[in-house]
Amino acid sequence: MSAVVDYLLTLSCPDRPGIVAAVTGALAAASGDILEAQQFGDRETGRFFLRIAFQAPERDQAGWTQILATVTRRFELQWALRPRHACRRVLLLVSKFDHCLADLLYRWRIGELAMEPVGIVSNHPRETYPHLDFDGIPFHYLPVGVDGKAAQEARLWQLIESSGTELVVLARYMQILSDELAEKLQGRCINIHHSFLPGFKGARPYHQAHRRGVKLIGATAHFVTADLDEGPIIEQDIERITHLDTPEDMIRIGRDIERRVLARALRLYLDDRVLIDGHKTVVFT
Amino acid sequence: MSAVVDYLLTLSCPDRPGIVAAVTGALAAASGDILEAQQFGDRETGRFFLRIAFQAPERDQAGWTQILATVTRRFELQWALRPRHACRRVLLLVSKFDHCLADLLYRWRIGELAMEPVGIVSNHPRETYPHLDFDGIPFHYLPVGVDGKAAQEARLWQLIESSGTELVVLARYMQILSDELAEKLQGRCINIHHSFLPGFKGARPYHQAHRRGVKLIGATAHFVTADLDEGPIIEQDIERITHLDTPEDMIRIGRDIERRVLARALRLYLDDRVLIDGHKTVVFT
Amino acid sequence: MSAVVDYLLTLSCPDRPGIVAAVTGALAAASGDILEAQQFGDRETGRFFLRIAFQAPERDQAGWTQILATVTRRFELQWALRPRHACRRVLLLVSKFDHCLADLLYRWRIGELAMEPVGIVSNHPRETYPHLDFDGIPFHYLPVGVDGKAAQEARLWQLIESSGTELVVLARYMQILSDELAEKLQGRCINIHHSFLPGFKGARPYHQAHRRGVKLIGATAHFVTADLDEGPIIEQDIERITHLDTPEDMIRIGRDIERRVLARALRLYLDDRVLIDGHKTVVFT
Amino acid sequence: MSAVVDYLLTLSCPDRPGIVAAVTGALAAASGDILEAQQFGDRETGRFFLRIAFQAPERDQAGWTQILATVTRRFELQWALRPRHACRRVLLLVSKFDHCLADLLYRWRIGELAMEPVGIVSNHPRETYPHLDFDGIPFHYLPVGVDGKAAQEARLWQLIESSGTELVVLARYMQILSDELAEKLQGRCINIHHSFLPGFKGARPYHQAHRRGVKLIGATAHFVTADLDEGPIIEQDIERITHLDTPEDMIRIGRDIERRVLARALRLYLDDRVLIDGHKTVVFT
């Protein structure tokens, strides 16, 4: 008798009557017991999104493909299914500031982030992080050298492929990805970025925000697209500041927001709760 | 050909495999098109909760009872179903402070609260609220008079019955309901109450909180039960305060929190998003 | 013997050693008892800001001018002083949406806003607000008519002057002030404006924000300057939203944020807690 | 010629007219240039509190005592003064859960916390924290052994004295201090504690809060007093939760709140911004 396994199924398709009934029916027929289900029909885009956590006797992908074949054809489903215990393989990219990296590593260690870190990449050498215990995660020093950015990205891409990376996390990685790389990583590369009300373009945004006297500063975790810092938003948060806060204070407070927003976004992603819906996301919290 | 109507179905039952498939199947068989569905299985209590918004050809309650008969028996469903346009009949109770009442009336007027106010009850006379436009909603002055509280509650109960009240909102109503009345209104009476970290028992809680120097004050909207201020919580929020805030400032800030927390809780309830799960609530936001 | 009165003194000057000692010394010499004092030296702009609440025997402006004469010369002070009980004369401007106006009027009525409303101005007629009790505050219908915007602003300016208006509040007033009028009202005209992370330019910002899938929406209260929506920020706040929120939900949630941010900003201003520091504000909370 | 040094002066005294003028006058006479000043007169307790950051030519404590002698006598001042660069000596106490400790160490390392950690004490051995780099800070394993709690506290007290500890931080230290030790550490021992609205007494508070279905959970940083978890509150914060959050989720979210609330409280303390006012605190942010 086969073991019972926890599965996560996410799907999207054109919104039509009967999807939930058909999918849950197919799972029930396969002895699937639904633990959680969340759905969303986007009236603007006409797309339907579903996330189902369920228990069922163990099957391989081919088995599930067969079980979902009829409903997939009927509703033009795009679906992904994985056993919940199969952690995603994650590559962490960092530059000089390591507050996000340190935070993610700590959370991973105590079991808050169900991921398998397959590597840490930096454009700075290992000795930049003397106090961080990488705990056996391979470290890769990939500077943008004399052979230029394209060469560095080629090495990065090779690493992504050879390590079986499923998700790239830009944990304050201060290199802008080329459009080509951003394109190749679409939907599986998350960035963290400061945010303000109102927004500020250009260099030294904290200093700009300070000059304008904003009372709130924030951070946004988003998918990376070729359109810099404009990808689908996953999570945001803010903190209140006052006229007493210098740009340095704002940077310090910003660190706190950045690390918790990135950690939340990553946790949501790792639990298959983030689905892309055109320029935005559906986040099943 | 019958008109297509928006319906809201909420249900709970013992958690077992196949509920969602069976219910959505029954609705699909009745030409129901699911717009939203949210579910929750409480692992502690073993109860399952489901809210479905769907469109279907118009039917009366008997028609829906028939459609859901098989699945109801099979899964021991407790369900409620109503056309979305059928607003709930709400009785608003108030005492001297009218900030929650004024806020609810304003929100109702501009369409934020899909309810039908069937009456406003106060233990203070109409002239207590000279600047509030009740806009035709009947006002009832029900003081606790010489005939005592039981007599006043008897009049209140008569009013609840004669007006077809479905929900009672205690919008800063400073009379404690008797255990008997609380019992009769179980699951359909919402109260708003200040809250602190840590909690304070007894009189003048804002003054107690001030003496302790709390940095956050809050409010809780909850169902009324015989156990005073201990009913299932629907919604909570807080504001930050400092040592500069006097008890009077705290009361002022508290007013703001109270009115927005009560309005949110009421809005959630009116959209059938609040289901009672023992001592707690399931809130499908 | 003269009565003891509560005074508010605010001042700014070039930052130099000894200001606080000199000012508090001058007040002490005039039998002033300091209740609250807050100061801020802006290291960037080199300006110093001070707010002092104090009690002293009653004097007229000439008396205080004499008492502060030496210190004013010595430190190039720009100061303002008023008895705390002398409420500011406020003109409220509104268009079709009255959520901010209704809120301000309610708060004023229950004593939260220490102001004297000298008029309500709208580009819509009185019957737009059938449920609002203006409570004797003169209402002025100032449409932008066939004689054009300049003529309407001339009537508005006349009203500001004849009513002795000290502060103009744009409580969702959907007319853009001309540069000339904005200039004349500099430092005494407050606006409320929606805000997002990131910011969106152009029409229908809630729809833009929705398409981008933002997770936070906000509002900003700021001084009006000729540079539209770019004046010094007084107060901001946000609310969390999800993919379930339609643009209409965002507008509804925005109403809540707008009214509480505007009310907070106004309350701060009325208590002389907002000082302008170039493009930003010093807010002594 | 002596160097110019940044100083922090904090004081409290019975509230009387003229304190600020007298103190700032004394500092001005000593060539002190005030950078920041914050004050608060507590109308309930009649105490006055002042924090002044100023620059002045370097002097030793005896020098400052002489400069402040007259004003100290006249106003019965209790004051403390230190050069800003003289970091406080801090002893960190921890038990099994190291999320607060790891966070404080990280922040200290990147310069967010101006302290000198003189030791880390745990009732668990060093190998409990294999991934934490203590960076040369002495670690002390002080289990409650067969000789009992009094003996353990005696060793702890000896360590506090021999290390010149100025502040003790209970960074999730799960041993309750005896009344005697709490008394000896009054005003210089900070604890972090989960908090709820409403509060819950007794064991497994997250489980209690879950059963009640609270929608907010929080944490409180406070001074330790003999009255357990009832000392003056320094800082609090909360996070929103839903019915989907299990007690385990609440504990995870609680970790995040605990570490940021403790870090904020510690940072405020280290910058002399926290003054004790009976059962509450004055926090000059």
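So that you can tell them apart, the chains are marked A, B, C and D in the order they are listed, and the count of residues begins at 1 in each.
Everything below uses one rule, namely that contacts are C-beta pairs under 8 Å (C-beta built on N, C-alpha and C of every residue); 3 or more make two chains touch, one makes a residue touch a chain.
Everything quoted here is computed from the prediction, not taken from an experiment.
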item: Shared interface numbering between chain D and chain C [over half = same, under half = different]; value: same
item: Chain located farthest away, centre of chain B as origin (C-alpha); value: D
item: Pair joined by the larger number of C-beta contacts - A-D, A-C; value: A-C
item: Geometric centre distance via CA averages, chain C-chain A, whole Å; value: 42
item: Centre-of-Cα separation between chain D and chain A, whole angstrom; value: 37
item: Shared interface positions of chain A, touching two or more other chains; value: 40, 242, 244, 285
item: Pairwise touch network: line, ring, star, complete, or other; value: complete
item: Complex contact set, residues of chain A against chain D; value: 99, 102, 106, 109-110, 112, 130-133, 135, 242, 244, 252, 256, 260, 285
item: In the complex with chain A, residue positions of chain C that touch it; value: 40, 42-44, 195-199, 210-216, 218, 220, 229-230, 232-238, 242-244, 246, 277, 279-283, 285
item: Residue ranges of chain C in contact with chain D within the complex; value: 17-21, 24-25, 27-28, 31-41, 240
